[in-house]
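The following pair of complexes shares a single chain, chain A, combined with chain B in the former and chain C in the latter.
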Partner chain A sequence: MSGISSTTRLERGIATGALARLGQVAVLPVGVALRLLDPPMRWMQRFIGARRMAYVFLLPNFVFFGLFVFLPIGINVVFSLTGGTALFPSQRPYVGGDQFAYLFDCGSYLDPSSCREDHFWRGVANTAKFVVFQVTAMVLFSLITALVLNMKIRGRGFFRAVYFFPVLLSPVVVALIWKWILQRDGLLNAAITTLGGQKILFFVDPGWAMFWAVFVSVWAHMGFYTLILLAGLQAIPADLYEAAEMDATPRWRVLLRITLPLLWPNMIVVIVLALIKGAQTFDEVFVLTGGGPGTATLMVVQYIYETAFSSQVQNFGLAAAASVVLGVVLFVLTLLQFAAARRKEV
Partner chain B sequence: MPTMRLSSMLGQRRNGTGRPLHWTDMVAYVYLALGVVLMFGPVLWLVLSSFKTQSALLEFPPSLLPFAQVEVTVSGQPQKLPLFRAKLPDGTVRELAQVRRIGLIAQMVDPADPSQQFRVAIDKREPVRHVALATENYSEPLQRFAFLRFLYNSVFVTVIATLITLLINSMAAYGLAVYQFPGKQAATLAVIGTLMIPVTIILVPVYLVVTELGLTNSLWAVILPGAATPTGVFLLRQYMLTLPKDLIEAARMDKASEWQIYWRIVMPLTLPALAVLAIFSIMWRWNEFLWPLAVLTKTEVYTLQIALNAFQGELQTQWHYLLAMTVVTLIPVALVFVFLQRFITTGIGSTGMK
Partner chain C sequence: MCLISRGPAPGPVSGEETTMRAVAPVFTSFVLSVLSATTFCGLAAAEPTTLRMAWYSDGNEGEVMADLLKRFHEQNKDIEIVLDQVPFKAINETLPVQLASGQAPDMARVVDMGGLSRFALDMRPFLKDPGYWEMNFGPFLEWMRPAGDTKAIPGFMTQLTVTGPFVNKTLFEQAGVAMPGEKSTWEDWAKAAKQVADKVQAPFPLALDRSGHRYYALAVSQGTQVFGANGEPDVVDEGFKRAAQLVYDWHKSGVMSKELWGSVSGTAYRGANDEFKNAQVVMYLSGSWQISQFAKTIDNAFDWVAVPNPCGPGGCSSMPGGAGLVAFKTTQHPKEVARVMEYLASEPVLAEFYSRSLFVPGHLGLAKKGVDYPTASPEAAAALKVFTASAAQISPIAYRIQGYSNSRIVLNAVISRLGQAVSGETTLEDAYKRITADVAQQIAERNKK
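What follows is the complex of A and B.
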């Protein structure tokens, strides 16, 4: 695993840092608690044997997985097959596939307004549009950035950090920063009017709202994908480049014949990861545009959230059915990801 | 000759490779410079704006730095008076304090000599301004909103959730890394399986589970569902697999219990990986949005992120508070960035996860 060399470097970094000491103080009560756990654990070990202690170690984590992941998957299916407004499954009448039938009841799938649940389909259409633009822009810009950062350039660490910085920001903070810049009397409109243009109401125009949703999302997450591609670039053997340099191969040829083909597996990982994350887009866009104007930037996840939690009638069944549909899409994308990862290993 | 040496130095590429500067290098530097502006600029603008007074925020076009009008005390006047740069009818420009304004005419005095009175048309004067930080944007929300409460909630969730995550993830990782037992394959697969289930698609049923556990509108409803992370289990397991097996065997010879081996031998050696997971967990928890938004409906349990989102609806006209609170929410992340950026980037580089 490539993590070994980086983690030994980590070890040194952490050990020398005063941070480690700070961490020790914070973890001290945990240490005491762990020590107190020893007698019961010893008793347990005598009871079941050393080897079966593995189950004891796995238990807490799997209790959490069970309660908050596996059980919910099952309940989700139950919810999607039942109707009514009750939260507890046994109080909900069985309706079979009615929720799905309702979701998919459309005159034409290409026209959301012909659907009975038009918000869902607008969400699907918007998310599809968003994903196409966002993933394209994301891959393009993170590739360019990674290529540039991989050049022998001064201050590379600094520039890498610059592009990575927004990744750490919370979606709410990201959205508010841009909302402040893009508002009617904001910085961007000031720049536009200084250059002689007219103020643009970005969040009133559906096209602009979608553009900025994509832009802000790329701005916030580009650094993450850049890092993955950069790791891929740095794994390309240096002697290939040395050989190319000896043959005086032009740079564009090196790029097309060596760099891009060898980076391709990482590119696939980035594309699929971006697709999976893009399909689940919610927070930045929700805070930035609120799904508006109208439903111009309403995403599927926002539809699920609002159907279940913030509409007057909490329609858990419909929301669950929609999330089952989303889950199926994500599952297919994840299979793609595993296939890509396998190809990368071979 | 020194001048020649200087010119040849300038013509040389100064990156240590000795090659001349290729045009692609120029393009690269321009691209990177633009990147710095585009990535840092918005955050810088947020911080600068957060120190502007409410009236300065309403200005269009906005000024770059937070300015406030200079106010002076003039003898004989009960209140401080705003200072203007006024153009007098005789063409001279003087700094005058405005006593009152009547229609389009301002009555002004010379602060140095209050007996001298002037009547100036209001379009003939400009406010004298100086850079001033409106720190009240930061101090007032402390009293006016339950801001400290939200801050406390966020810190509580982040710290407790991270500790729980470190504990149960490391236990599971230890179980998977050290033992051979029936069902190991299935357990590993189950962990991989949970990697594929994002919270977005099980929002409703997790809400049911949390409700049945009686946790609605408590911070534990935010802490518990995400405490077991597949990413963490994998990260720690991979690291533990690199530890020498002899160490554990030797400890068993010395009659150490399995639990003791876990927390006295393996945990300290896994510290670097634990640190990486801790940083990740802190970031996840501090920034978490969708799930808290769904499960927290009472204001007193809001985390900072949820409070900010709620305020941006209510405080549209009070950007000065909103911007300041956004900056406060950003501070821990900025600190993590400054001190730990390297660890996070190597973490992502080696795991491909965030």
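What follows is the complex of A and C.
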């Protein structure tokens, strides 16, 4: 410090002072605006009380939320009670619960072919199958990856970035990449034939199509869930592991008795989030398999999209009814997530 | 901007002068406002009217249209046209929503002319010579009119399409199999294509686009009638079942690959044009709109030919189709739209359009005179000749299906349900029941008021 001359110190002081002044000038309009707002706010606080002022501050957000979330939900419900092909609700005939009755008109809900709107129920069955396989695989692989990435391994930061990278990609890009890999003349078939095998038409076989739909989804989203579990793992106190080490506890026992129980709240969050996301699956599977072969990978959201927009008679009413049903299911799953989160806090 | 501010007048002033001084700026401002408003309005009146046209392309027709519109603007400075080149999917899925919400372009190139006919503008009051349109587009105008309307003129055909097969001649030669001749049946062609594919290891012996329209080229030749005695759709008849059985059996026996019909769901379209261009298809049933892109992309890679539609108990008819440039009644400038349409539909302009795009003309006068295709390769010229000959043999029932305002409902139901049967998800019998139910349900939904 003694080496620094008084001139240099002075220059630094001037520079700092100039920066500070620049900052003051920059925020000046904000200050002026706040000062202008101050008197009416004070008046309002006196008028409605300090506690109610919180609502005033929340109001702008509520307005946007209402406009872009609640209003569309309301419009959707209105559409679900109407029929015909007109676009504006005022021009659509009211049909009450007919759209729901049509959707639920089934001989047996376990047999989609016995339902009048069999595509909806095939979509429900496929989505349920997809969610079971995808969530199981997602939790399992995310957990394993998080456990490995939590260990002191070389290049840990690099691997963390690598696993998270697919999360940053657009679902359409992910699906297109995998489509190029899996199609008849794709990379995988090239590898298979190079090794002397026969080409496999992955998108013609229902089993393979569902397998790859699940695989691609897990590959694309695993990084996000791994990150949640990794955060959970890092929050586990190290002294517990030290104590276990002193007791010479086997590693599998440490995993079962310490790691997994303490990670359970994070696991619940991961399971519920993956469930919600799985039930909403559309873009990746739509681009990858187009819902085929037949309707083997047709998901509920694809059914809603096609019913409303890509079928010749744009049946907005039926699509809206199906989305209300899906919305109720998602609402229940969201409540589960809230309950799980509350339990974690306790 | 041009006002000059003055300082206060020196010396004492009278009451009247004070009033005048107070009124003068107001009066001046008023006069200036009126003047500027008049000038601005005058300028606005001189500004060109902007029209929007939505356009999809299979080949180079978008470029040709852009050229023609540029030329139109040079001759008509008061009208500017923005050409929105969009994917075919946008025409099918987005345009109907735009039309229903009143946000549509002024004109669009559409395929589902019947389905969108309720939004179409009847241009008769704005056309100089409606008789010209009746005379040259008469039979096709019926495809664009709402049910019951026999007079409206909503647009013209940018192309008349005819379905028909393309054959990879080189593969036949390599396999040493003779190509079936004219009037051969579908079964003959399927057998020959399979023999060729087996010998040269081609993955697609026979490919039909996954499209209801293409399926009906087969079904009409198998004798389907589509409509019952009451004029309403009666889709599943004996002819229909014969065609469906053929498609089903061909998938079972490997004549058709499941990659087209069985690999996607619902009404999704899948074409085999890329596979044909890559010499993976022996025989490909598509249509005349593919000529331009095949000529351009296949070039000398292999020899290809268009052959007449194969025959069946119902004859050898192809399916007609095409795309029309239609004006919409939501436009704010119907007169200007009519002027653009008149220019584009005029005989010399349309002849140039068909000629450069390699399209079968949808203009009766030009069809009679014949269109020259100087840019066409020998393969393309030969194919155009085959398709033009096929157009003359189209059966009345094929025209009726194409002109029916709910035709897309029928075509889509067929493709969706047969696709399920082909993939092994349902039986053909189930598919027949579902097709009948889907058509009835969707027509009822469309008719709900």
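Quick note on the criterion: the second predicted complex is superposed on the first by the 283 of 346 C-alpha atoms of A that agree within 3 Å, B and C clash if a C-alpha of one lies under 4 Å from a C-alpha of the other, contacts with A are read in each partner's own complex, and residues count from 1 in each chain.
Criterion: contacts are C-beta pairs under 8 Å (C-beta built on N, C-alpha and C of every residue); 3 or more make two chains touch, one makes a residue touch a chain.
Keep in mind it's a predicted model, so treat the numbers as computed, not measured.
In the superposed model, A:Gly291 lies in contact with chain C only, and not with chain B.
Of the two partner chains, both chain B and chain C are touched by A:Leu87. Chain A has more of its residues touched by B than by the other of chain B and chain C. Once chain A of one complex is fitted onto chain A of the other, the partner contacts of A:Arg154 are limited to chain B, with no touch recorded for chain C.
Once chain A of one complex is fitted onto chain A of the other, the partner contacts of A:Phe47 are absent, as it touches neither chain B nor chain C.
With both structures placed on the common chain, the touch criterion links A:Phe309 to chain B and to chain C.
When both complexes are overlaid on chain A, the residue A:Phe331 reaches chain B alone and has no touch with chain C. In the superposition on chain A, A:Val204 contacts chain C only, with no contact to chain B. In the superposition on chain A, contact of A:Leu34 is made with chain B only, not with chain C. In the superposition on chain A, the residues of chain A contacting both chain B and chain C are 87-88, 309. Interface residues of chain A, counted against chain B in their complex, comprise 1-4, 6-11, 13-14, 19-20, 23, 26-27, 30-31, 34-35, 37-38, 41-42, 45, 50-58, 60-62, 64-65, 67-76, 79, 87-89, 144-145, 148, 151-154, 159-173, 176-181, 185-187, 189-190, 193-194, 219, 224, 227-228, 230-231, 251, 269, 273, 280, 282-283, 287, 301, 304-305, 308-309, 316, 319-320, 323-324, 326-327, 330-331, 334. If you check the complex, the residues on chain A that touch chain C are 83-88, 93, 95, 113, 116, 118-119, 184, 201, 203-204, 206, 289-298, 302, 306, 309-315, 318. Against chain A, the residues of chain B that register as touching in their complex are 14-15, 17, 22, 24-25, 28-29, 31-32, 35-36, 38-40, 42-43, 45-46, 49, 58, 60-62, 159, 163, 167-169, 171-172, 174-176, 178-181, 184, 187, 190-191, 194, 196-198, 200-209, 211-213, 224-228, 233, 238-239, 242, 252, 257-260, 262-263, 271-273, 275-276, 278, 283, 286-287, 289-290, 293-294, 305, 308-309, 312, 319, 322-323, 326, 329-330, 333, 336-337, 339-352, 354. On chain C, the positions that touch chain A within their shared complex are 92-93, 96-97, 100-101, 112, 115, 203, 257-259, 262-268, 408-409, 412, 419-420, 422-426, 430, 434, 437, 442-443, 445-446, 448-449.
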